[in-house]
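Two complexes follow with chain A in common, the first pairing it with chain B and the second with chain C.
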Partner chain A sequence: MAATAQSMRGFEHLEGLPEAVFKRLYQQPATALAIFRRMLPNLGKTFVMAMLFNPDPIPISSLEAWVHPNKNSLKEEAFAKLRQLHLVTERQGTFALDPTFKVELKKALTGGGPPGCFGLPCDTDDKKKVDVSFLDKYATEQWESILHFMVGNEVPSSRRPSEGVVRLLLHGKLMEKARSSQETIITQLGFSFLLQEVNSQVWTLLLLYLDMAEQLRMDPVDILHFLFLLGSLELGQDYDMKSLTPTQKGMLEDLRDYGIVYQRKSSSRRFYPTRLATALTSEVRALSSPATTMRNAISQSDENGFLIVETNYRMYAYTNSPLQIAVLNLFARLISRFPNLVTARITRESIRLAINKGITAEQIIDYMTANAHPQLRKNTPILPPTVVDQIRLWQIEGERMKATHGYLFKEFTSNSEFNAVCKYANDIGVLVWADKPKMMLFVSKHEQIADYIRKRVQSNK
Partner chain B sequence: MVRAVKGSLVTWVEGGLTDRSDPSIKAIILDLDSRSHDFVVEDLDDSHLIIKDTKVPELKRLLEERLNEHTKVDTLEEEEEEEDD
Partner chain C sequence: MDNVDGTEHYNLKVTSELPTLQVIILDTNPLAWDSLNRTSNLSFPAALSQLLIFANAHLAFSQSNRAAVIANHIDGAYFLSPAPPGTDTSDPDEASLTPEQQRDIAQSNASKYRGFRLLEDEVRATYRRLIRATDPKAVAESANASYLSGALGLALTYINRVCFGGSGGRSNGIPGEERGKVNAAGGQVDDTGRTMHAKILVVSVTPDPAMQYITVMNCIFAAQRLKVPIDVCKLRDSTVFLQQAADATGGVYIEPEAPQGLLQYLMMGFLPDHTARQSLILPTKVDVDFRAACFCHKKVLDIGFVCSICLSIFCEPPDNAVCSTCDTKLDVSSLANIGKPVVALPKKKKKKRALDSLSESNTPSAADSPVPIP
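Right after this comes the complex of A and B.
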């Protein structure tokens, strides 16, 4: 699923962090748990659980014994992840969990840890308590106002995103300043951002925030702790700011702008996480479900599923939302607009334009499926196959050239070395292309391969 | 010693929409490259090249332009539908 891939990319960004940062990240039970839940493949989780309550290091061979010999690639993937996240230390063929991580994950699973390590609920009642539906509405309004702003819709000044949000959008190149005027306009990157599902959008913005915060000399570990903490909070509960660090208190203000947390006023000492926050660290496989809940929760019943697509490429959208109409306009030619209905047509031209803006056919198809009218949902498949196939074909037509970012490895010293690396790259699923006679291979990610080559060289000495 | 080079592996689909007598896509890319556009990092074989990461979008655009000179898009169908809108 395209959307899952998007948010996974967000996490790959985290994988590139230096070891020292990881060591400090593991000092909080909420973060240890979030990383366990969200960043490890299932087999990796199994390995961690095997090591968690064992005081001694475990021989790698006994971990390997759990894996069917045919599933080598899964095993390598799990091991690579564990090493990459610096979760294990390897000594003489044994694995031991990082001691800090071990302690904190135990705390997270069996209870313990200082009060407030999973958020400190307020001990007094809020006189103006807000309920879940209010929070959902608030989150939607804040988030949509950012999206509206991006597509250049008129928004009432009270709902215009704050300076901080605009700076973030500019920083992430989702928008840019027009050369002629001082207005900010959306970029290609921004367009494909619009078509992502909400959860990935939130992560995209938060990672941009992290990136920008490092330039402002804010401590990235502090920020990540807070983001992972937010993911473990309970929706509808009010929390006390007391347990937060100064950096995190400063962050609250920004997160309020995005609709991730709610505070009645900035001087208030209590804050409520919204659904945008609590869905942050949901498990990868369950990713679509919080997003769907979010979507169901945030869209009023009359907006929920508004698109009808016919086999003749006509589209009827029962909406009067400027945002939805603007999104439709990205990939369809609008024909006429009525008070509650927009008619449009999907043409080769409109799809080609969308693809030139960096939107993929899959994103368009996902968007149409996700917003299909209940009437259309009765069909299986939901969208007319002719239309879906044609959109894909239109994309391929313009993509006779296929480019994969990555690294070329060459000048191997021996055939056996080349073959070993080639096999390893294939096992962990990063091999894109290889040429045996020339002893060259191309991989989509290089860190693990470089590690592997280094280890081979060392063991041969 | 093994060396790693950063770049984008580029492949393509020959023929299909273009005529057999058209120059091959690799030939077009190499031609564009020779006009000081500086795309190619490594020439691997007949169907694979390594291109500078930053240059991929530009190359894509130029290639598309060049290929569309040869391909005439049939717009008849869309014009027809225009009338009943």
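Right after this comes the complex of A and C.
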């Protein structure tokens, strides 16, 4: 499930934000709800809800007593996430929800927020109202034009992506200026971007946008608020710009270029979110349906898939779309081309080239599965297992060694201390390696471990 | 070199969490709520608001979570949300509103999350319609009326439709039967063929509807088969049936000591979904009242009579000694003595019968078995 990993990346990025940013993020009901929904593990959500309407802080011991003793690791994972997102404050053995977050999530649940905190619908009817199918078509066209531009297809000038989009692609190193000419060409990062699922592509671009906006001195919190707000809007409803901040109004123009929102004119005061926007904060499974819709919409000419893969590694693609051919060319050796058919072959070389470009085997397999021809779909599993296994094997040929960034703890004073820390690290799931005789352990994250050791020392005094 | 092993690449399994459908069965008997309000100061509007917040919290867990509300009314069970297709879900009072008021409503709507607002509006509007359609006279006559079995039946049929892919295929399927990984609707399914988990919450203020004992028990067993926990929040009048329902289906049973704080009970006790419940210790009733109601007069019994063929329960031997459920002719001759004091037993008869049976059983055995010779 590489697609899962990638669409989650958007939220992992957020985890690294400093505490002050989080405190400000929680000031909007829509953001509080989106963060609650997307970033917490199930047990974490349960804890938050148990504390939400409780006026007093809850003793940690009572939360611990609530959980089955054999599910300790899940509990520690939930606690760790709550601390990491600065959702709880710990005082004298009790947990209290962050006051701002508490208030705003309550507002989200009870509907007591300020008007427009979940978008302000226009109070007058649009004379030229657009429907959902129009919005889908618009979003698809806009998004597709960016993808076409990236693979260097000839696109009519009217559908060429705007300067802002090009700047963003260059900034994110998805494309770069060729040395010899003024033309922009796609990079390896760009190739792996192309193979992602639409929703993860959107998040990738938006995070790049966030990154670039910080350089332009735009307020990242404002931007994130708006993105989370977009995720909670209703498809096909027109919204008023009145409730937006100036930064957000500026963003609208860029988002319109990506096809995330629709505005008839830039001077218009109403905007429509498209499916790309409303899927922003949905979780992976819910997203698979809009994403499939989008994918189907993107490959409209052959909405049932076009790819046939045989056990002898030959591929037949019933397509004439330059975009799809370019994508195929990423991981297969093209052999011949006919008006409606391309034949290709998956070889060790072609896969290794793709992997060197930063594309993973899972991405390739997901792409082939998603675009499988109806004829191929009759089989279970859809793709021939030999091909799938071989692609994976080709990938792990190159993975003889794996580097993990982390921290080494050593020179423990006693064996019991070492064992306790070791157990704790294992419980919260950060332990990578431990050597008992040498009393050393290696962890991927150190903050909580340090906290834990400090607490132990204090309690021993 | 052994460390360079590729097999783990194949074993990467995504432990997926299925979304949850929460069905809330709410008693709407006006008189019962009124007496609850007088004793413990929790009015129906307050309880409904808290329940809606609970439903919102459930929906907030995941975008794919769904909720349904069923009214257990005095004369039947009705869906409050999702409203039956074809019903007018607009608020019946809306026509009388001034434009200013309507704009205020639109403003307040803008401050609510879409999913929450839709549910709330639908529940409130259909509830108002339901109350309008209710005859005040009928209310006065039925202080304790409840349609628990109907409401449970509606909930279970709805769950069957929503959670098993809309195919309704559960009727001839066996629970636990392996199905394809993708159902007809294209949704993800687990190994029992369900696309969603489901749970039922019964918020009850009425006493046991003893007349519905059999149907309620059948619903409980159906829920057990579908692996749907029935949670019970009993605000008034402890009940036997609902205790058994929660116990048999692995649901939560709470009788709040302070009903005004309903919301906190809901949030802590009833909100955890299927995944969370596997790792939590949930409040259940330890000493469950397992008493049953008799099939003839619907009385709740400590000790009764049981048909030896179909296990139907009776509070007294049935008329003509014929079981009303399976039409079996029962031998009730030996029952005549039950309940009478021992001294009142007709001694002569007993002696004779005892002697008879003794001689009957002794004669052949004396002949057959070898007798040790002294």
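Methods note: the second predicted complex is superposed on the first by the 404 of 461 C-alpha atoms of A that agree within 3 Å, B and C clash if a C-alpha of one lies under 4 Å from a C-alpha of the other, contacts with A are read in each partner's own complex, and residues count from 1 in each chain.
Assume a residue touches a chain if its C-beta (ideal position, glycine included) is under 8 Å from a C-beta of that chain, and two chains touch if they have at least 3 such contacts.
Being a predicted model, the structure only gives us computed values, none of them experimental.
Visitor: Taking the superposition on A as described, I'd like to know which of chain B and chain C A:232 touches: first, second, both or neither.
Guide: Touch status of A:232: second partner only.
Visitor: What is the contact status of A:123 with respect to chain B (first) and chain C (second): first, second, both, or neither?
Guide: In the superposed model, A:123 contacts chain C only, not chain B.
Visitor: With both complexes superposed on chain A, which partner does A:68 reach: first (chain B), second (chain C), both or neither?
Guide: A:68 contacts chain C only, not chain B.
Visitor: Contact-wise, after the overlay, does A:442 reach chain B, chain C, both or neither (first, second, both, neither)?
Guide: first
Visitor: Touch check for A:400: first (chain B), second (chain C), both, or neither?
Guide: Both chain B and chain C are touched by A:400.
Visitor: For A:115 in the superposed arrangement: first (chain B), second (chain C), both or neither?
Guide: The answer is second: A:115 touches chain C but not chain B.
Visitor: With both complexes overlaid on chain A, does A:347 touch chain B (first), chain C (second), both or neither?
Guide: first
Visitor: Of chain B and chain C, which one contacts the greater number of residues in chain A?
Guide: Residues of chain A touched, chain B against chain C: more for C.
Visitor: Is A:52 touching the first partner chain B, the second partner chain C, both, or neither of them?
Guide: It touches chain C, and chain B stays clear.
Visitor: Examine A:170 and indicate which partner it touches, taking first as chain B and second as chain C; both and neither are also allowed.
Guide: After superposing on A, A:170 lies clear of both chain B and chain C.
Visitor: Starting from the residues of chain A touching chain B, keep only those that also touch chain C in the other complex, and list them.
Guide: Overlap of chain B and chain C footprints on chain A: residues 400.
Visitor: Residue numbers of chain B touching chain A in their complex, please.
Guide: By the definition above, chain B touches chain A via 1-13, 16-17, 25, 41-42, 44-45, 48, 50-51, 53, 56, 59-60, 63-64, 67, 73, 78, 81, 85.
Visitor: If you look only at chain C, which of its residues touch chain A in the complex?
Guide: 4, 6, 9-10, 12, 14, 16-17, 19, 53, 56-57, 60-64, 103, 106-114, 116-117, 120, 186, 188, 263-264, 267-268, 271-273, 275-276, 278-281
Visitor: Over in the complex, which chain A residues touch chain C? Could you list them?
Guide: Going through chain A, the ones touching chain C are 1, 4, 29-30, 33, 36-37, 42-43, 45-46, 49-50, 52-54, 65-68, 71, 74-75, 107-121, 123, 232-234, 281-283, 285-286, 288-289, 292, 392-393, 395-396, 400.
Visitor: In the complex of these two chains, what residues of chain A are touching chain B?
Guide: These residues of chain A touch chain B: 335, 345, 347-349, 397-398, 400-413, 417, 421, 432-433, 435, 438, 440, 442, 446, 449-450, 453.
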